[in-house]
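One chain, chain A, links the two complexes that follow: it is found with chain B in the first and with chain C in the second.
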Partner chain A sequence: MSIFTEKVGMTRRQFLKGTGMLAVVAIVSGVFAKIGFDAFAASDEYIAQRAAGLYTLDEQMTIRKSHENPEIIQIYEEFLSPGEQKYLSEKAHHLLHTKYGKDIPSFIDELKQHQDVA
Partner chain B sequence: MSTLLSDGVIHVSDKCKACDHCTSICPTHAIKGRLGEKHHIEVRKCINCGQCLINCPFGAIDDVSMVDERIIKALKDPSKFVVVQEAPAVRVALGEEFGQAPGTNVKHKMYAALRRLGFDKVYDTEFTADLTITEEGTELICRVFNDLGVPGYEAFGPLPQFTSCCPAWVKYAEDKYPQVLPHISTAKSPQQMFGAVSKTYLAEKLGIDPASIYSVSVMPCTAKKYECDRPEFIASGFKDVDAVMTTRELAQMIKAAGIDFMSLEDEQADRFIGASTGAATIFGATGGVMEAALRTAYEVLSGETLDKVDFKAVRGFKPVREATVEIPVKALGGKVLPVNICIVTGTKYVDDVIEDVLAGRSQYHFIEVMNCPGGCVNGGGQPIRRDTY
Partner chain C sequence: MSEDVIKGKVLKHDTQTRTMHWIHLLAFLILGITGIGFYWDIAGIANIFGGPANSSLVHRWTGVVFTVAPILYILLNFDRFSRFVDTITSFSKDDFAWLKTMGGYVPFIKVEEVPPQEKYNAGQKILGILIIIGCLLIILTGFPMWLWRDVVAPATLALCYNIHFWTAIIMILLVLGHFFLAAIHPKSRVEFSSMMLDGYIDAQITAEHNAKWFAELQKTE
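Then we have the complex of A and B:
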């Protein structure tokens, strides 16, 4: 295996050239890694700022509970459960609830029948 | 209408440099193509979340647009009464397209801009977010009573209950875990509830023919476009939601119309289905649906008024968070019920939670799942932050 043993040593110039190139590669990749890291950090930042905007808005609202929304009270009172506040009423069930996956085709038939009756 | 469902919402354009960044982001491994080869999306697997789109460094991924063919056409049609709803997350990101910092609340200018664009009435998805809470929260209470063996609640499904607001999560469950579907709340998402009430209750209140109502929504989300075209959303007797545009598309429409957005006077939403609460506002952030549900469920179950409405334990950005909230239950003679809750943000992290539920190991009562990391504020329809590259 003479090819591997022939040149084991290297000159001072060759050594400097090699380490110099390695240094450049290390610096350049370091800079790119930092750009990548900054991008990641920045992307987290604007998401948190948008969420913080929502929590601030929540604190500024006079009504902060869903069931106290006056128009919610009104829609149950006058339409979904006339005369009362009945969540999951028959009308609410029909308009506001759905089915998933393999139940969908028969659910669509049900909805169409309901329309024919109405 | 079926074309959208069969072709998918998200597409890779010829600008693709095949860098493979999107394949590492996609929660369902739906993006195919080797490094160096233009990628394509497998429609069957794609849940339409658009996370690849907002994270593509080359802007090479697009979503289907309904603006020209549906929304503008309806706005120009004098026989159509066009109503619009906007999701909570839109109001804290739309401003970014007009030079504002992320998180700036522009909801009152947004209402004004929508009226300038020709919408006949401007409402708010926050109204139906509140409606989702009264319905989904009550459903949760009924499932808990069923679980405790209280007579009269046998018709309700098993615990834990999963949230149903996120159409990307719902499609993921339908595609990959059909056994978990009985655990998902039957309550429609706020967008679809709005569609259903806009063509029934609203038509009645305004005294107009529901057939003339055209229901549009502005969403931070690309999966909402897929959701509005699902064939089962016809409970009103019509297609409940006719068209969806993203936050980005609304900004484009405002710019194209030459509206000077930031100098618009503040306006309010219209009456009947436009009132909001703080509980509805936080739907746009991960943990928000959970917190809103707790505010209502606590008061309904305990019969007490909640003075401190903040449930800070559910906030944050960790992909999986859990907490226990102790609620005294009036119907059970004041017995304290520890309610175990879990919040998942990022579909990548939901599999373990589902496996536990299916194996009967899960101790949770209620689980919120949002596909996008951080919640809807980081949805696939939000302004793209190219400055982060």
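Then we have the complex of A and C:
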């Protein structure tokens, strides 16, 4: 019984076709990759510019820390903790610390209990 | 064509080709199944792969296998790849005549004699070209959907999804047709073992189905 096998190697025509197809695939893939990496770079640049803008806005503000805000200090000294700046005072806790979701009904009840104090 | 029966076997697909075909087939099956699960939101499919998140991971990394396997094969077997590309991109009068008769595979087209074919018949050549284009489209749209989804424009991403989906649907139909002709159709199912098992096919069948190629093989004997 004979066993028939293909001739190993390739002709010039076959080589050129194989190389040509690889080249086309490489070029198309390269163009796709370039578009993607450019999009990545543009995105990174946008994020950097946005972050820089936020930092610049922050730096330009006159009052940059809430606990140094004269109005806040005045509210604490005259109302939330009379005579002093006690930031976690009982009244501040009840009035300024809020609750969410299923805790809201109990929070409303709590506020009602303290409405005379406020 | 000679009336004498030719005794012997033809090594149609060598080990590396068969291995690559197996790997690509398994990867394609996993990708197809997980992909169908994503598109139609079929929980049963996602759960086979450990839930939607794991199914997505399996799809992506199988996509890497689907991409790397043919690249490795081409780099390690450039001569075979070149011969394959040359064959599937060369269309002769016999190929067009084969297409007119559909190679005798279609029941209602009466065929007296099928024109002699090369290693791959005209239908297989067209399938080969479509599979290469389809794989490229799926790979080139798949990776941006994974890696660049946060940086490309939504319209670009939507285009990638559409191309990816429709190419996959066409590819699944092509592969189903390929499977039917290579494994079920009585005229050509002998091809199945040559690609999926030992690589050999009967010489007489090759002489009938791939007469031009067999004549070349006889010259090299």
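Definition applied: the second predicted complex is superposed on the first by the 85 of 118 C-alpha atoms of A that agree within 3 Å, B and C clash if a C-alpha of one lies under 4 Å from a C-alpha of the other, contacts with A are read in each partner's own complex, and residues count from 1 in each chain.
In this section, a contact is a pair of C-beta atoms (placed from the backbone, for glycine too) under 8 Å apart; a residue touches a chain by one contact, two chains touch by 3 or more.
None of these values were measured; they are calculated from a predicted model.
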item: Which partner reaches more residues of chain A (counting touched residues only), chain B or chain C; value: B
item: Partner chain(s) touched by A:Ile108 [first = chain B, second = chain C, both, neither]; value: first
item: Which of chain B and chain C A:Phe79 touches, first, second, both or neither; value: first
item: First (chain B), second (chain C), both or neither touched by A:His67; value: first
item: Partner chain in contact with A:Gln14 - chain B first, chain C second, else both or neither; value: second
item: Chain B versus chain C as contact partner of A:Gly53, first or second or both or neither; value: first
item: Chain B versus chain C as contact partner of A:His97, first or second or both or neither; value: first
item: Common interface positions of chain A, toward chain B and toward chain C; value: 39, 42-43
item: Sites on chain A touched by chain C in the complex; value: 1-11, 13-15, 17-19, 21-22, 25, 28-29, 32, 35-36, 39-40, 42-43
item: In the complex with chain A, residue positions of chain C that touch it; value: 6-11, 74, 78-79, 81-83, 85-86, 89, 132, 136, 140, 143-144, 147-148, 150-153, 156, 200, 203, 206, 214, 216-218, 220-221
item: Residues of chain B that touch chain A when the two form their complex; value: 88-89, 91-93, 96, 101-105, 107, 127, 129-131, 133-135, 137-139, 142, 164, 170, 173-174, 178, 181, 184, 186-188, 192-193, 196-197, 200-201, 204, 231-237, 271-282, 284-286, 288, 292, 295-296, 299-300, 306, 309, 315, 317, 373-375, 377-378, 382, 385, 387-389
item: Touching residues on chain A, where the partner in the complex is chain B; value: 39, 42-61, 63-72, 74-76, 79-80, 87-88, 92, 94-104, 107-108, 111-112, 115, 118
